[in-house]
Structures are given as structure tokens and as C-alpha cells.
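Next up: the structures, one after another.
First chain A sits with chain B, and in the next complex the same chain sits with chain C.
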Partner chain A sequence: MEFNVLVEYFRAQIRGDPDVASAVAAIRSLLEFLRRDQSETILGLRENMTQAIRRLEETDSSVAVSSGGELFLRFISLTSLEHPDLSQCKNVMIERGELFLKKISLSRGKVGKLCHTFIKDGAKILTHSSSRVVLKVLENAAADNKRFTVYVTESQPDSAGKRMAQKLRKLNIPVMVVLDAAVGYIMEKVDLVIVGAEGVVESGGVINKIGTYQMAVCSKAHNKPFYVVAESFKFVRLYPLNQQDVPDRFKYTADILKTVKDLNQEHPMIDYTPPSLITLLFTDLGVLTPSAVSDELIKLYL
Partner chain B sequence: MPGADKETDLSERIESFLSELKRCGSGAGSLRGSAETARETTALLRRITAQARWGNAGELMEIIRKEGRRMTAAQPSETTVGNMIRRVLKIIREEYARSRGSSEETDQQESLHKLLTSGGSSEDNFRQHFTHLKANVIEAINELLTELEGTTDNISMQALEHIHSNEVIMTIGRSRTVEAFLKDAARKRKFHVIVAECAPFCQGHEMATSLCKEDIETTVIPDAAIFAVMSRVNKVIIGTQTVLANGGLRAVNGTHTLALAAKHHSTPLIVCAPMFKLSPQVPDTPYNHTKLKSVDTILYIHILSKVNAHCPVFDYVPPELITLFISNIGGNAPSYIYRLMSELYHPEDHEL
Partner chain C sequence: RLPEHVQVDDPAALKKLAKKLERQQVPLRSDYGYKVSLFSHLHQYSRKSPPTLQISIPATVIHPSIVRLGLQYSQGIIAGSNARSVALLHTFKQVIQDYSTPPNEELSRDLVNKLSPYISFLSQCRPLSASMGNAIKYIKKEISNIPSQCKEEEAKGKLQACIDSYINEKIILASEAISKYAIEKISDGDVILVYVWIHSERKFRVIVVDSRPRLEGREALRRLVKKGIRCTYVLISALSYILPEVSKVFLGAHALLANGYVMSRVGTSQIALVAKAYNVPVLVCCETYKFCERVQTDSFVSNELDDPDDLIVTRNGKSHLENWQTVKSLGLLNLVYDVTPPDFVDLVITDLGMIPCTSVPVVLRVKNVDQ
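The block that comes next holds the complex of A and B.
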């Protein structure tokens, strides 16, 4: 399969179903690539895979695609260890890949079910930018006949918060859009903060749209619980110690990385929130404290 | 018929246990303390395993789950009942897996690794019949009972590592575990204990009298004096009713105040809690006081009906205020509690 065809397939997945997580679309495309791959050896297959993942990351530079790709690569390595013969290995891989895809498509539903019990009647919730997982959680809570209000930050520079507000209005949830600068002002009114994540790093911190760190610091100052909802395929093997440590390839969109010469003039789209500011993480593996995240990653990559 | 007799005998015992549970909330029942409740629950579960009619592990787990739901509904604040039920369910799963000879005895949890490598259906519906399953499960439950009996001793054995001579220790209310802990240290060391009386039931007074009998220098203080006295305290050692999944506590009211005062003075806060108090619940709000006691016993003057009086029984203490958990398996940090929980309970049993 040509890499251009792969990229087209990936873009078609996202166009066809705008609600799908970008990592799921990436893994689906990689599975299709695996099916059509013509390599004769496992090493050749692995090399093709690595290149394919790199091409996908160039198309969509979000952390989720990178973590999805790495997970898939790990999946290939683990399976190939069990079956050294290529043709047998390939069949097993495709079968397991389908199963894996089915499971992770259900992840968002699992997270939604776990988290919505934490939203009490009459709660005021603050969220940041537009996250499909947070939307699912709020949808479940509303379906449970709970009354709550949502404050969403505008989330410049792409005003993603306004899109989130529209989606919430369709669900008949009272919502108010606030300026990014108004987070400190509004924090005393809210009961809890729920945000999504583009990536969950090894320390238990999260990488998310810029402005999340600010919100976390404010909520810590006001002693409000700060919850993160994320599916498990977003766990990524990074360990940033501060904002500078996050690699440039995640900070900016794919187009900017390709066209702009001096990245210092550009503004990053994401920031890193350290684990000390996070109360709990809701994932499809259960409700985790930030210290449990690295355990999960170790179990996988050991 | 002996079969029918056994069944009626079993249901009678279950009913009497349920009524005991309902009464122990008001202090009138015969079950004193969580350790006894845990032991009684486990003994009852062993009896159910031995006497109830079941063909395979799945049926046994259904029976236990059903009875478990009734027991937890009878006394929701007594979390040890639910914990023991979950332990036994995990024992059944393990014994079943061992009988099948499957290699997945260690990692039964959902994990990223399992997501990637599981081939085919990992849905085990426990329908296979094994002849020795009953005997194995009962033996494992007996081991659990032995473990339960030794918990207080295991905790007290660690006392000498934590309490040094001429130290001032503060505690609140009455905890049998802390009492045994302090008494064990007192055999070899001389130290001073300050007990906060823990109004309105003032169980701190009983604790102080009991400690005095072992020649430990004890002082009783009212709850309002906790902050004032804290600057002279070296360590705070408390017990708890439940340890929650995030490392927080549900303890007797007044504990949160004590924890905040200790944090302010940077005094280490040590919690002595046996493993059977570990519960998979997470506090959904920090203000979730579900149990209030009647105030008639404490208000000595007749207050006009326009005044509301609340008397919550439990406090939530967040994990950031706790330094160390001492349990029968050793000392652990609050951030490690999730790991201990994954070893004790299976995630599918968190919701009975």
C-alpha cells in the first residue's frame, strides 16, 4: 500500500465519522495498511509500519495519533514474538487487530459510564475547549436526569469552546462560554473541573489544549477537584518535567511544522499539566490516581 | 431431608446476620468493631460455600453476590462486609483459574498489555464444573480467616519501628488497632500519648483509661484544643473506619481537623488500618456524609424547634494529608493504595 493511499484512507476515516477519536482512525488505517502490505519478512513489515506511522504523524501531529501508532507498533512486536512465521503471524495480527479495534471503539462509552456518577445534581462544571470524551460524560449525566450547568472556555486560537457549547446546547444542557482569561474569576463558582486529554504521559500528567495548565493551577488554588477523562490508548511514553520538555512535533499543528522556518515565532497549541494538580483520571481501565498511570505503561512496555 | 434442613439452617443464619448488621449501626448489636464484622462475614460466606447448592463457580459467585447485596444494603456504612465479599469472589476466581490450569492467574485486570495480546474471547463465564473447587475455595477462605485473626498482631509488631522514646503521640477517639499498636510499643519504650476526646460520644475517654492501665502517660484534650497542642506533638497515629481507593480515609468525625492541624505543623500522620478496611469506593464528593446520628443523646438542653442540629459520624480525609499507612502487610504510601487494591479485588467485583 502506498503511503499516499494510507494518508487518504486516514483522512477519509476522519471525514466519514467526525466523532471518531483520531487515534482510533489512525489504528484503523494502520490495520488496513497491514492487510495490504506485501513484505516478505517480519523485519520488512516492521520497517514499513514505522514509516507509515511517521507519515501519519506528519498529517496529524496530535499526541493521540502518535500514541496510537506506537501502541500498534508494540502490538506488532508482541505478536511477532509469539509467531515467528510471517504468514501465520499476519493472520493472527489481523484477527487480534480487529478485536483490539473493537475494544477501543468502546472505550469512550466506558469512560462516560464511569465518570458520570461523579456529577451530582445541581453541580456547576467547568471544562476546557472541545473534547468528545467530556461530551460523552456530560451526555451520560444528562441522560441520568441530573441537572447541572456547564461553563466552557472559549479556547483560542481556534475557538473550539464555542463548538463545544453548541453541541451541549443540542443536548439541552445549560451552558455558558467564558473567556480564557476568566478562568480565575469563575473558579469560585464551580464545583468541579473536567477536561479531556490529547495524551497522558508516564508521570500521570496530561497534555491537552493550551490553557489546561492554567485551569489546573487555579483549581488547585481553590481546592476544587480536577478530573481528567481519557481513553487508555492515549497513554504515551513521554516524561516531560516542564513545558519545554514537550517535543516540538506535538506542540504545533502539522502544517505549521512543515511550512514555518522559525518555530520560536509560533504559538504552541498544547501544554503540559503535571500530575500533582490532577485529582483523578477516568479511563477505560478504571478510575486511576496519577501514580497508577506509569504502572500501566510499565506493564505494557516492559 | 438433610438437604432441606441445611438450606433452612443456612437462610436462618443469613437472616440473623442481617439483623445483627442492622442493629450494630445503633451500637446495640453484638458485633463490636470492624474486625469482628469481617470475621463473621467471612465465616458466613464459608458456610454458604459449604452448604448452598451450586454446580459451578458462576452459580456460587451469583449466590454470594446476591447475599452480598443484601448484606451491604442492611448496613451501608459498614464497608468491611462488602470488602470481605469481594475478597471471597476474588478467591473463587483464582481457584477456578487454577483448576483450569490457565496461565492468566496473575494479571486478571484490564491493562493495555492485555488489550493488545488477548487473542479471542477472554470472557470467562465460569461454567465449568470441577469436583475439587469446593474444597479449594473453603481452604482458601480458611486461610483468609487466619489472616484476619492475625491482623492486629501484625500491625502491632511494627510499632517499635515507628515510636521512639520520649515521643509525644496524638490520637483521636478509640481505635482498637491503635490501642494495640501503642501498647506493644509501651512494653519497651516510654512515651506520652495525647488523646482527643472526640465529642459527642467521647470515646477518647475509654481509650485513655485503657492506655493508662498499661502505664502509658496519657492526657485527654477536648477536640477544640487539637490545633493548640499540635505544636508539641511528634507524631499523629490514628485508626480509620475505611480506606478509600484513592488513598483517602473515611474516619470518625474530627479526623479531618486533626489531619489539617498536623499538615500545618508538618507532623507526620500515620494511619493504622488492616487490609480488610480497604474499599474500592472513591469519594464522589468530599462532603458526602451519609450517616448522621440522632442528636437527642447529646443535647442536654431543650433547644427551640427552630434550630437544626447535625451530628455527622464520619469525616473524609484526602490522601494528601496522610504520610503513611501501616497495615498487616507493612507500611505503604497513600499513592500506592490503588496497587494494593488491585491485588485484593477484581475490577468486575467493585460493583456488587
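The block that comes next holds the complex of A and C.
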């Protein structure tokens, strides 16, 4: 399978189902790539897969695609591939790949089920930008006949918060859009903060849309719980020490990385929230404290 | 139950220790000088009276290379936990080489019994470090795992090979792995504060912090300058003056405890505290063989008191503290280690990768599963 065809397949997946997580679409494309791959050796196959993941990262520079791809590769090659016949090995890998895909397609539902019990009747919730996982959590809470109000930040530069507000209105949840600058103002009114994540790093911190760090600092100052909801395929082997330490390939969108020469003039799209500001993380592996994330990562990657 | 080396002020514990050493035919070393009352539960020895003075070779039960090692420890010729562990393991190789199983005895049991008086002797010369403790545990386990039908030469060869691979994997290769990870964290134009040693090729400036009485920073400074890296040298008292210029702090560790606390040279926790106040990231470099299952929350319970005479300094021909023993109310305290809480440490770089301080018990668990 050619890499251009792979990228087209990936884009088609996202167009076809706008609700799907970009990492899930990436993994579906990688599975298709694996099925159509023509290499003669296992080593060649692995080389091709790594190249494919890199091409997908160039198309969509979010952290989740990178972490999802790497976890997929590890999961399928975890078994001892001792069959002398290459096609048999490939079949085993495809089987495991499908198992992985099934598992992660269900993870958003699992997170939603875990988290909605933390939303009490009459709660006021603050969230940032547009996250499909947070939407699922709020959907579950509404289905449970809980009454709550949601404040969403506008989240410039792409006004993703307004899109989130529209989706929430469709679910009949009372929602109000606030300016990014109004987070400090609104913090005393809210009871809890729930945000999604693009990536969860080894220290237990999260990488998310720019503005999340600010919200976390404010909620710490007001002693409000700050919850992060994320699927486990977003766990990535990065360890940023501060905002500067996040690699450039995640900070900017893929198009900007390809066209712009001097990245210092561009504004980053994500920021890093350290674990000391996060109360709990809700994942499909369970409810974790930030220090337990490293434990899970060691189990996943070692 | 407390280990005996932190019960010096308890006469019953001292009597038990004296009896044990007498049984093993190891000389008992007496404490020196007035001890500050907060630390009176620890030993304080003088460098001028090593326990080797009381031994007469060859009429001793202790192997001569162990005696030499003990002298090197007590005089400070071999210092630093890596150097001490490597020297210990090499000496044990020599001991195993010269060992011959007595008739009607099994190598796996007898050799372990032979090693006990050596270990008591070495801890009289200088208290054992956490890394040395882990190395000894490993060797004892390897020895007791030798099958009884194994011939003596074969067993010895196996043990030598085990020790060699331990040194290679856990110490030498581990420090290479750690430098590789540490290098990723250094970017161009960084200013780094070190209280430990690192090698790399990025363009950065290093500030070496040193403290009396050991002044170990001078050796690090010498090596860095030889590599052509721009360096600044300060004493620890200038810390808050120099920290605003620093982008990262690299510290070494003597041991990492199971509750995430870092045990290291005295002064380390001070540096970590001030760095936290200035929001400078603190990175600790530590090999996994130094992880220990002990838990400690303060620097008092278990520490080491070095020779108090080291604090006496002679300037312009005058040493004011020369006759400190005559002043009844004066005590000189020369602490060796202190303990840093995990909240001040941002990242621990080990040979397994970069982990947060709170994940030490996870690594210990994974290692125990491996073994």
C-alpha cells in the first residue's frame, strides 16, 4: 500500500465519522495498511509500519496519533512471532490489531461511565475547548437525569468552544460560552472543572489545547477539583519539565510545521499542565491519581 | 527493629554488637570525640585510628584484600557509592578466587558464612552504603543458588562471571544509559547547575556547586574544563545568587528510598529547595541498583557522621578549632548525607528511562518480579 493511499484512507475515515477519535482513525488506517502490505520479511513489515506511522503524524500532528500508533505497533508485535511462515505471522498480527482496535473503540464509553458519577445534581461544570470524551461524560450524566450547567471557554484561535456549546445545546444541557480571559472570573461560581486531553505524559501531566494550564492554575488557587478525562491510548512516553520542553512537532499543526521557517513567530496550539495541578484522571484503565499514571505507563511500555 | 548502627546510644545494643564482633574476631572501633546530642545514636570515628591498626596479619581470620579495602574506605581513598561498590565487588572476586571449601562443607552455605565477618569488618571501617547493601544481597543470593553437585572450580567461575556481569550491567552500562537520557533533556543554550558529573556535546554552560569539607566539585570542574565546556564554580552559600541564571539542576543520588525520598550528599536537599523556590526543574540521576526498600522521611534517623577533625581549617597559620576537644560545650558535626522529599524533584533519570520520583516502588516491584 502506498503512503499517499494510506493518508487518503485516514482522511476519509475522519470525514466519514467526525465523532471518531483521530487516534482510532489512525489505527484503523494502520490495520488496513498492514492487511495490504506486501513485504517479504517481518523486519521489512516493521520498517513499513514505522514509516506509515511517521507519515500519519505528518498529516495530523496531535499527540494522540503518535501515542496510539506506537502502542498499536507494540501491541501487535508483543507476541513471540515464531511461525516460520510470514503469512501466518501476519494473520496473528492482524488478529491482534483487530482486538486492539475493538478495545480502544470501547474506551470512550468506559471513561464516560466512570466519570459521570462524579457529577452531582445541581453541579456547575467548567470545561475547555471541544472534547469528544467530555461530551460523552456529560451525555451520560444527562441520561442519568442529573441537572447541571456547563460553562465552556471560547478557546481561540479556532473557537472550538462554540462548537462544543452547540453540541451540548442539542443534548438539552444548559450551557454558556465564556471568554478565555474570563476563567479567573468564573472560577468561584463553578464546582468542578473537567477537561479532555490530547496526550497524557509520564509524569502524570497532560498536554491539551492552549488555555488548559491557565485553567488548572486558577482552579488550584480556588481549591476546585480539576479532572482530566482521557483514553489509555493517549499515554505517551514524553516527560516535559516545563512548557519549553514539549517537542515542537506537537505544539503546532502539521501544515504550519511544513510551511513556516521560523517557528518562534507562530503561536503554539497546546500547552502542558503539570501533575501537581491535576486532582484525578479518568481513563478506561480506571480512576488514577497523576502518580499512578507512571505505574500504568511502565506496565504498558516495559 | 532498628539496625544496630543507629543504636549507638543504647548500651544493650552496643553490648550485643561487641559480642558479635568478638565472635567473628573483628576488632571493635571506638567512637571519637564529643557527639552532638541529636546524632548521638550514630557512630563517629576518627580517620587517625582505623580498625586495621588492631589487626595483625597473617594471624587474622579476615582476608588481606578485605583489610586493604577497609583501610581504603576508612581513609577516604575510595569514596563515592559507585567506586565503593565496584571496589567491593572486585575484592569479593579475589576472596572467591582464594576460597577453598573445607571438607564436609557445602560451598553455597560455607562461603556465605565466611563473608559475614568481612562485611562486619567493612562496616566498622565505614558504614555500608545502600548500593553496597544491594550488591552484597545479590552476591549472597547467587552463592546460595549454586547447586550442591557443582564442582568447586565451576562454581567459582560462575560466581566470578555473575559479579562481572553485575558490574557491567548495573554500573557501567547503566551510567551510559543515564547519560543518553540526560543528554535529551539538555538543549542548546542551557545553563546547568551540577552537584554531580555528566558528559555531552550540546552547547551549554555549567555551574558547579561545591561545599566543604570534601570539595568534590573540584574534580568535576577539572574534567569539565578539560572538555572545553564553559564553567562557573561557586560555593553552596552563593546558591540563591546564582540560581536565577540557571535553566536546569542536575543532582546525583546515593540511594533512592521506597517512599520517593532521595538520599544524597549533604547540601543536595538545600539545592533542591532553593531551586523549587525559583521554579527551576531539578533532575536526579541514579542507577536502579541504588534503589532500596528502606523508608525515611528525615535526615536524622539514619545517617553517617564523618571525622569531625575535617572541619578544622588552617588560615594564615592559625587553626581556631584545633583544640575543640578541650571546650566541653563544643561539638563539631560533619554530616555526610541528607534526604530530599520527592516534591522538590521533578524527574529521576535511571537506566530504565525517565520516571517521576513517586514511581520508585514500581521499579522495585518490577525488579523483584524479574529476579
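Operating definition for what follows: the second predicted complex is superposed on the first by the 294 of 302 C-alpha atoms of A that agree within 3 Å, B and C clash if a C-alpha of one lies under 4 Å from a C-alpha of the other, contacts with A are read in each partner's own complex, and residues count from 1 in each chain.
Definition applied: contacts are C-beta pairs under 8 Å (C-beta built on N, C-alpha and C of every residue); 3 or more make two chains touch, one makes a residue touch a chain.
Here the structure is a predicted model, which is why all the values come from computation and not from measurement.
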item	value
Clash or fit, chain B versus chain C on superposed chain A	fit
Which superposed partner A:Met176 touches (first chain B, second chain C, both, neither)	neither
Partner chain in contact with A:Ser232 - chain B first, chain C second, else both or neither	first
Chain B versus chain C as contact partner of A:Leu241, first or second or both or neither	second
Partner chain(s) touched by A:Ser291 [first = chain B, second = chain C, both, neither]	both
Contacts of A:Glu202 with chain B and chain C, given as first, second, both or neither	second
Partner chain in contact with A:Leu263 - chain B first, chain C second, else both or neither	neither
Angular separation of chain B and chain C about chain A, which is computed from CA centres of the superposed model and rounded to the nearest 10 °	60
Of chain B and chain C, the chain that contacts the larger number of chain A residues	B
After superposition on chain A, the shortest CA separation from chain B to chain C (Å)	6
Chain A positions touched by chain B in one structure and by chain C in the second	291, 295
Sites on chain B touched by chain A in the complex	107, 109-113, 115-120, 245-247, 282, 284-286, 319, 335-339, 347
Chain A residues within the chain B interface of the complex	71, 74-75, 78-79, 92, 95-96, 99-100, 103-104, 117-118, 120, 225, 232-233, 235, 279-280, 284-289, 291-292, 295-297, 299-300
Chain C-touching residues of chain A, taken from the complex the two chains share	202-204, 237, 239, 241-242, 244-245, 275, 291, 294-295, 298, 302
Contact footprint of chain A on chain C as seen in their complex	185, 187, 248, 281, 283, 346-347, 352-356, 358-359, 362-363, 366
